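Once you scroll down, you'll see the structures, which are given as structure tokens.
Each of the next two complexes has chain A plus one more chain, namely chain B in the first and chain C in the second.
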Partner chain A sequence: MSNILEIENLHFQYGEIVALRGISLNVGEGEVVTLLGGNGAGKTTTLTAISGLINGITQGEIRFMGEKINGKAPHKIAALGIAHSLEGRHIFSQLTVMENLMMGAYLRKGDNAGIAKDLEYVFHLFPRLKEREKQQGGTLSGGEQQMLAVGRALMQAPKLLMLDEPSLGIAPIIVEDIFRALHQINQDGLPLLLVEQNCNVALDIAHRGYVIETGEIILSDTAQALAENELIQKSYMGME
Partner chain B sequence: MKTFVQKNLKAIIAVAVLVVIALVLAQKTYYALIIGLIGIYAIVADSLDILFGYTGQISLGHAGLFAIGAYVTTLLRMRLGVPSLVALVLGAIVTMLAGFLVAIPASKLVKHFLSLLMIAFGQMVYLIVNTWTPVTGGSLGIGEIPYLNVFGLVLNSNLKCAIFIWILVAVCMLVKYRIINSRTGRAFIAIRENPVAARGLGIDVRRYKIMAFAISAFLTGMAGGLYAYLRGFISPETFNGTQSTLFMTMLLFGGITTVAGPVIGSAVLLLVKEVFQSLALYQGLIYAVFILIILFFFPNGAVGVYYNMQAAMKKKSNKKAEEQEVAKNA
Partner chain C sequence: MFTFPVILRLVIGALMIGSVYAVLGMGYSLIYKATGLMNLAMGDFLMLGAFVGLTFYKTLGLNIYLSFILTFVVMFIVGYVTQRYLITVLLNKGASFSYIILCTAGLSMLFQNGVQLIWAPFTLQFPAIFSKASVPFLSIKVAPENLLVLAIATVSAVALHFFLNKTRFGTAMRASALDQTAASSVGIDVGLTKGITWGLSAALAGVLGMALGPVYGVYSALGAMIAQKAFAGAVTGGYGNIYGAVIGGLFYGFVETFTAAYVSTAYKDVITFVILIVILSVAPNGIFKEKVIE
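For the complex of A and B:
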């Protein structure tokens, strides 16, 4: 299986503060890869480094479909086909659900047929968004906003979807809905890089996983092996 | 086309009535001047709307851009003998370039830092026109600016000039409408709503911020040039910090992100200014009161009040219909 995303020995600093100390990971075609870890471990930093939203890479390389992307402007990275659904959702709260989704398709000039098809796909995954099509983004519940954030990212027609804690602050039953949709999205061929603190749901849909702690990857294995790993069970799943 | 007329019948009638009233009033030179000025300020408020209302970048230094437009147009016309309409366009283009220059650092700033930068910019321009006497005439200003000549038609009265200005107001509104409903407009709105998400969606935030600045500066510069031709006289006092505040108040009072807002705001604030001319010393205070009223009672401006009233009336009529329905069924 060829890799769509490859990260090699990535170092990242926020000013003086070192956040990543030589991370290497890859995501293969059609794969769901999860990045697990506690608060401040460097999960979000890894994603923002990939999408170029924050500039602080001091060493290492990020390659997307074989092309080096670190140092590129975020809008150029997005144009290459990486969609980044941000932590805390960051939807456009004054705009309607429909306008939010159409904003996702911003870069797809003239591809009206493709946009209409993807819109239908998003509404098929999240029927609730269809119901609330004309509602302002800010009036949605947390779970619906997360669905909107995922839907908007899909409207970019990405080749890789990165999700930052899609389960954060959302009722368990809605988390299930969202992860069922994520699984479906992957079944339909899109590779996912999923950052989560909620290991149970993440390992459920992932093929492989990495565990990150204080900016270093301390463990990497298949999802099943990680789920059975004692350290993981103790530290992240709350099992004794 | 028929549906457009039908849909906007009320608005069209209102505009027609206003045009007739304006034309009758404008028979008096002074009223024609006021009507012309309202048009000029409406253009500035519209340009601010693109920058602030849609892109979320505040500017309290637009008087500086207004001054650049007015002075460059006047100087090109009077010192270099450039044809008046060409001078007007060149004045707007030079202002746009100035807007570019400010926007490059400004695009990195947000909120209060941006407003500080723009206040400083306005002050800078004010000081330059005030002290660079050999070129700008200093505090005495420049008088006897020749009439605007539009393809051989000399606009030698306030009325003619005002009509020309209002044609440009209509053009500006149309341009604004077209921009806002384009990809560029969507990028502007995304930046206003959430710059981080906008970047993540592939929008070059910096580029569009600079673009909004440049468009806004162009329109404001053109308005400055029109001001010079209408008044026939410019002096630094017209372009001080209070003027910047006035522009912003006009936009806020009329209502941001609306079509009619800038025109309404410009008309009301200018009339207030003229009526209270004798209280010139307290102008700042009057604007402050206006801003406070907007902030506390109608954050969406005058147009917002109209929409609220419309919504309330609709609700009431719906309720009435419902009650009748219930009564019938009972």
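For the complex of A and C:
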């Protein structure tokens, strides 16, 4: 299996504060890879470093489909085919659901047939968005906003979808819906890089996982092995 | 004194100047919403547009439509360059917002003195655009130049509304103003949308400045008082809300015109700003509350 995303020895700093100390990871074609860890471990930093939203890489390399992408502007990285569904959802609150989705397709000038097809796909995954098409994003519930964030990312027609804590602050029953949709999205061929604190749901749909602690990867294994790992069960799954 | 022709004449005058405040106020609001900044050189973009328009129309003898279009283009570039190569550079150097706002005040002085150096330190005559000095309108006669100002302002406001709401790029501009991080993540070049926001604001101001040329003459302080009233309108309407700016701008157009006619010409500006202070102490967020970026 060839890798779509490769990170090699990545170091990242916010000013003086070191956030990542040489992490390496990769995501293969068609894979769901999860990055687990507690608060402040460096999960979100890893994703924002990949999508170029924050500068601060001091060492190391990020390659997407073989091309080095660190140092590129975020809108150029998005254009290469990386969609990043942000932590806290970040939907456009005063734009309608439809406008939010169309902003996902912002770079797909002239691909009207493709956009229509993907829109149908998003509405098929999240029928609630179809019902709320004309509503402003800010009026949606937290779960619906998360669906919109995922839908907007899908409208980018990405080659890799990165998700930052899609379960955060959402009712468990809606989390199930969203993860069912994520599983479906992966079954349809899209590789996912999933950052989560909720290990149970993440390992459920993931093939492999990495555990990150204070900016370093301390463990990497198949999802099944991680789910059975005692350290993970103790530290992250709340099992004694 | 309260006859129909008099009132009608005042209403047209109020709409003319009020529509100028409205469009300039939309520019203030756009810039504030998209970049969190206040542009103290807004009135000078308008004034510079009058000089640039005069140059195309009178000095180079181009036709009026072409002169307006070229003025729009030149002023767009001025606004765009100001944002991309002055403000962005300062921001990248870590300058705080208050210094950048001061920098726009400096730009204002530069423009006001620059035009005196390049063109003239006195009022220049803008030749009449129409062959007739007045046209009949209902029961009165109106200078066609005044109607032109109103028409251009109206077209600008409506066009801006459609651009922002019905086009892909306009929606991207609104998206960037709402959430820069999310906008970048979907592939919008936020630096570009900010630059275009400034460019559009400057271009609309400049075109209005040119249209005002035949009405007021062209001089370096042309934009100063207009900008203050437009700013008052934008604040009254709810700073950051372009529709609030339109309502606020028209409101002050009427206040000023009717005060001048029925109370006192000398005190019309004082009264305008007293009203602003009263409104702000009652409704500090303006008529339409608007949430803006930090």
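General observations
Just so we're on the same page, the second predicted complex is superposed on the first by the 240 of 240 C-alpha atoms of A that agree within 3 Å, B and C clash if a C-alpha of one lies under 4 Å from a C-alpha of the other, contacts with A are read in each partner's own complex, and residues count from 1 in each chain.
Methods note: contacts are C-beta pairs under 8 Å (C-beta built on N, C-alpha and C of every residue); 3 or more make two chains touch, one makes a residue touch a chain.
In this text, all values refer to a predicted model and were calculated from it rather than measured experimentally.
For the composite obtained by superposing both complexes on chain A, the positions of chain B and chain C are in clash. By the document's definition of touching, neither partner reaches A:K234: not chain B, not chain C. Look at A:Q156: by the touch rule set out above, it reaches both chain B and chain C. When both complexes are overlaid on chain A, the residue A:R180 reaches neither chain B nor chain C. When the two complexes are superposed on chain A, the residues of chain A that touch both chain B and chain C are 51, 53, 73-75, 78-79, 83-84, 86, 90-95, 102-104, 106-107, 109, 152, 156.
Remark: chain C residues 168, 171-172, 174-175, 178-179, 181-190 touch chain A in the complex. Within the complex formed with chain A, the chain B residues making contact are 183, 186-187, 189-190, 193-194, 196-197, 199-205.
Touching chain B in their complex are the following residues of chain A: 51, 53, 73-75, 78-79, 83-84, 86, 90-95, 102-104, 106-107, 109, 152, 156. Of all residues in chain A, only 51, 53, 73-75, 78-79, 83-84, 86, 90-95, 99, 102-104, 106-107, 109, 152-153, 156 touch chain C in the complex they form.
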